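In the two complexes below, chain A is the common chain; its partner is chain B in one and chain C in the other.
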Partner chain A sequence: MAGLTLVDLTKRYGGATAVSNVSITLNDGELLSLLGPSGCGKTTTLRMIGGFITPDEGDILIDGQSIVRLPPERRPTAMVFQRYALWPHMTVYDNIAFGLQLRNKSREEIRKTVDDALVLTGLPGKEKRYPHQLSGGEAQRVALARALVLEPRILLLDEPLSNLDAQLRLRMRDEIRNIQQRVNITTVFVTHDQEEALAIADRIGVMNGGHLEQLASPDEIYTQPATLFVASFIGNMNLLPGSITDGAVQCGLLGFAIPQDARLSGSTREAIIAVRPEELVLDGHGPYHGQVTQSINLGDHKLLVVDAGEQLVRVAVAREDAVPRGTAVNFSARRYHVYEDGVLRGTAVSNDTA
Partner chain B sequence: MQVVAPVPSRSWRHALTGLLLVSPPFLLMLFLIVAPTVQAILYSTGQVPTDNIVFQSDIDLVSSATPTLVVYQRLLSSPYVQADLAMTFQVTIASVVLVLVVGYILALYVRFSTGLLPSIVRVLYLIPMFIPVVIASYGLIEFFVANGFLQTILAQFGIQNMPSPIYTPWGIVLGQVWTGIPFAVLLLGSGLDGVPQELIEAAQDVGASFGRILWRIVTPQVVTPLLIVGTFTFIGVLGSYTVPYLIGPNAPQMLGVAMTAYNGSYQRPQPAVAMAVLTFLIATVAGAIYVWGTSRTERTAA
Partner chain C sequence: MSYAWFLRISAMRKALALILVFALSCFLLLPLFTLLIWAFADQWTFPSLLPQQVGLRWWQWVFHNGDLGNAIKLSFEFAPIVTIASAAICLPAAYAFSRFRFPLRRPLFVSLLAINAFPKIGLYISVAALFYRLNLMDTFLGVVLVQLINTLVSMTWIPTAAFNSIAPELEEAAHDVGARGWRVFWRITFPLALPGIIVASILAFLASLDEAQGTLVVGTPSHITMPVIMYTLVSNYPQPVGAVFSILLSLPSLVLLISARRFLTAGYLAAGFRVK
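Right after this comes the complex of A and B.
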């Protein structure tokens, strides 16, 4: 258990900056998810923590001690790799025991530690198998056990679920979270799957183009996306470009009042309104009008595509609501965000249609 | 999944097509390897064909109605042949060990180093592949022979009386290493390239030093290429002729040179063929070890 601090971490490759001034402080036992699209710098950041990439600038501290100059084998971290990286010529037991053997532990101690790890990860009886005899989920658990037996102070998980099928992903996600909380180990979990990040993390760091766009709790990331990128990357969002006129943002035929506390820079007359489909409600007295062009059944709810003049907006309705194509509807927004220069300037919350 | 029962007639056609496709290499193997081998075994055990005047020309021919090992007994009891055999084994084993060690070190260097020098090495180790063995042998002789290029250079620095490996068994080893290195590094290099970087990083992550990673993680992954290089170098050196003929000593000789001498100069085709059978048997044992080793490795890594 330990605290992890990244200070202005930067990595460049030639002229391209892979990670730029990333600063994060992670508390004891916390699980941070680094989330972002491919090439955003999340894995590079993780590999810098693990010691596989040397940062050009910045520092990495574990409990206040800089580890940035230590090679991977001397860092108090352990990594679970995306493709498990189990040694194919070793059995499950040998894979887990290898790190302990390197630490000159006694045979009995190794046996006990490996047995405990096998129980913790639900693998008893599999110790004599070779990696090619394991399923994806089992291989993932072996990789996790191999990392945990070393009692690292920081656990690093590099997209550990990306090679598993959908059902197994869900199960392994819960198991990883469960084990992480039982062992109470500070963890950095890299993923490009927002649902995974929202479900598993204490905090999420959303990365884009090497920058940390927002570092906050899953709830805050979802309800208060700090930048337009976060708003567009997390969940479903209607992004409506408009122009600022007389205390409102006019997006085609749709006008959105600018909240009182909004802090517009005034540098431009353009703004973007971001509103989630579930924050748009069909309302006979609603200020907005449109015609349903499509109804998409998503199982637990439906998504209506509404043509509101110059804008197409998506409105979430209950699964049982039957709104056929061509239906004229009125709707209102319970909550929306105003973005100017890609940055959140204010959030409007309506009390009328709660 | 729908399972369709095979139609017998089509199955026969497929089987026939398959047989026709494999028959050319099979027939080639039958005529070029199996038939001469059977003939050599029969001849060396005293079954001399009446219609082969070359086989009958042996000046101390052993001819018997029933198979006999007299030729082999005489051959293996000869101190000259014993010396030839001993030198052949010594040179072969030394060459295999050196090719494996030097080839593996070069392959590791190229795999794990970055920069200009490894790129240059990557080109340099291929050069022997493009030089004919005869030319390379004379090149080695010119370079290493007594009063040759190397000794002339060393003499300029006051170093004299350095022994020359040329016309000694070590000269043959030198030549075999020179000719064997490109193949060895190419094969071992591709084997090392096939070891995923993640496996190495995972070992680093659990605290393994570079030496431990090489010994416990990397080398077990390249057992098959190592076996291929070892076996093929062994068989190649065992039956080699050009390098030992040009660079090796007059006596004892390696089996390849001795066989030619017995067959031609000594007019003794029967012991020459017996030597060939022995060489073939040793190579077969090496081949069997290779097949056993690779199948075992592949079973573990399947």
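Right after this comes the complex of A and C.
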């Protein structure tokens, strides 16, 4: 249990920069999710914390002490690998006990610690099995138990759920969160799945092209995406390119007023309006109109694809609303963001609609 | 007009296949079978189809003949020593080929094949020329060295493949829980590569046991192993002695190959000869 600080962490491979100036401070017991598309540098960052990759620049501190020069075996971190990396020639018990044996603990102490870990991860009775006799979920639990018995100060999880099927993934996700909170261990969780990150994390670090795009709570990431990349990567978003005309952004036939407090750089005349489908509402008096071209049923709600002249926009409606194709509709926006140069410049919230 | 009409009848095709398999088996096994008969024939003269007298006379003769007994003993001294020496040299090389990236890695890996690219006898003659100068002719060490040549390829390539097949995360995970270099190798890497190492060791053992030319050139007159003595045996001793000797020579191969069947079919042999 400890705080983790990354200071300007940078890693280059040849000419390419895999991770660029990533700085993060994590509090005791916090779960950070590093989220991004493949190749964004999230796994490289995790492996630098674990000690498997040496950063070119920057520092890594645990409780204020630099560990960047220590090899993995001397760092107080424990890693759960993407493919679990259980040792196939050892039983579940030996896999979990290996690290404890290296620390010269007594036989009874090891047995007790391993038994506790098996109970914690829901694995009692499996200690004599070999890895090839385990299901994906069980292998995952063993990997977690193996990491936790050493009482690391930082737990590192590298896409731990990506090899599980959808049902099990949800269950293990909640279970990992549960165990993490019970043990109260500072955790870094790498994933490419935004739903996973939103559900499990205290804070999310969205990465793209080696940069940390935004570091914030799941709520803030969703409602205030700091960059255009975050806006497009997290959740469903209508992105409407337009040009700045006095006091508004004109996107085809749709005009969006620029909020009072927006801070435009004024360097270009181009801007992008980002608006979530659920922030667009069908409204007889709404300023925008278009024609429904498609209705997509998503189970708990529907998405209407509306042709608004030069733009196609997606509008979320309730499950019960039946809007046939070809219907002419009016709609309004409750909340939208203005991006200029890929950066959030302002958010408009209308308070007149319910 | 086609003569292949009988191939269209499935029973005929099966019969033909059976005949071919039988013929092939005869071709492979009949010589071994006559060898077996010869080894136990105390007396067998023309025109009799089978020996007139069957017994263990020639076996006793072989085991009590000093030269032959010595050759057997010497062969079984060389084989394990050559295997261990080969492992000591080649396993670290195999690990390096698998885990490290260094200049000329690929050319070096492939160059091991050069040993097999030329007629061996030419190689042995030049080795002998070198050994004369180093006073290694007709010494135990000289024979070990010359026999090592034949074990290098399999002892390097197969373990390299075995090390390659171990995911690096398995070693990383061991580092992560606190194990250092040697501990990781002995507890994780070595046990996982062991099937490949066993296969390579068996091949090295057999290569040493069956090596005749190099040993003949370097080891004569006082280091005569079983395969070397076979040359003189054929011309100087009665035929059953050769038969007994052949069986003694093939027995270890047979036993080792059968016991290693599990590993041999595990794909290490095939994987060993894939150049990465």
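Just so it is clear, the second predicted complex is superposed on the first by the 354 of 354 C-alpha atoms of A that agree within 3 Å, B and C clash if a C-alpha of one lies under 4 Å from a C-alpha of the other, contacts with A are read in each partner's own complex, and residues count from 1 in each chain.
We adopt the following convention: a contact is a pair of C-beta atoms (placed from the backbone, for glycine too) under 8 Å apart; a residue touches a chain by one contact, two chains touch by 3 or more.
Keep in mind that what you see is a predicted model, and the values were worked out from it rather than measured.
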{"item": "Overlay on chain A: chain C relative to chain B, clash or fit", "value": "clash"}
{"item": "Partner chain(s) touched by A:A262 [first = chain B, second = chain C, both, neither]", "value": "neither"}
{"item": "Touched partner set for A:R146, first chain B, second chain C, both or neither", "value": "both"}
{"item": "First, second, both or neither for A:Y130, with chain B first and chain C second", "value": "first"}
{"item": "Which of chain B and chain C A:M79 touches, first, second, both or neither", "value": "both"}
{"item": "Partner chain in contact with A:L164 - chain B first, chain C second, else both or neither", "value": "neither"}
{"item": "Chain B and chain C contact sites that coincide on chain A, given as residue numbers", "value": "50-52, 71-74, 77-79, 81-83, 85-89, 98-99, 102-103, 146-147, 150"}
{"item": "Residues of chain A defined as touching chain C within the complex", "value": "50-52, 71-74, 77-79, 81-83, 85-89, 98-99, 102-103, 146-147, 150"}
{"item": "Of all residues in chain A, those that touch chain B in their complex", "value": "50-52, 71-74, 77-79, 81-83, 85-89, 98-99, 102-103, 130, 132, 146-147, 150"}
{"item": "Interfacial residue positions of chain C with respect to chain A in the complex", "value": "167, 169-170, 172-180, 183, 187-188, 191-192"}
{"item": "For the chain B and chain A complex, residues of the former touching the latter", "value": "196, 198-199, 201-209, 212, 216-217, 220-221, 300-302"}
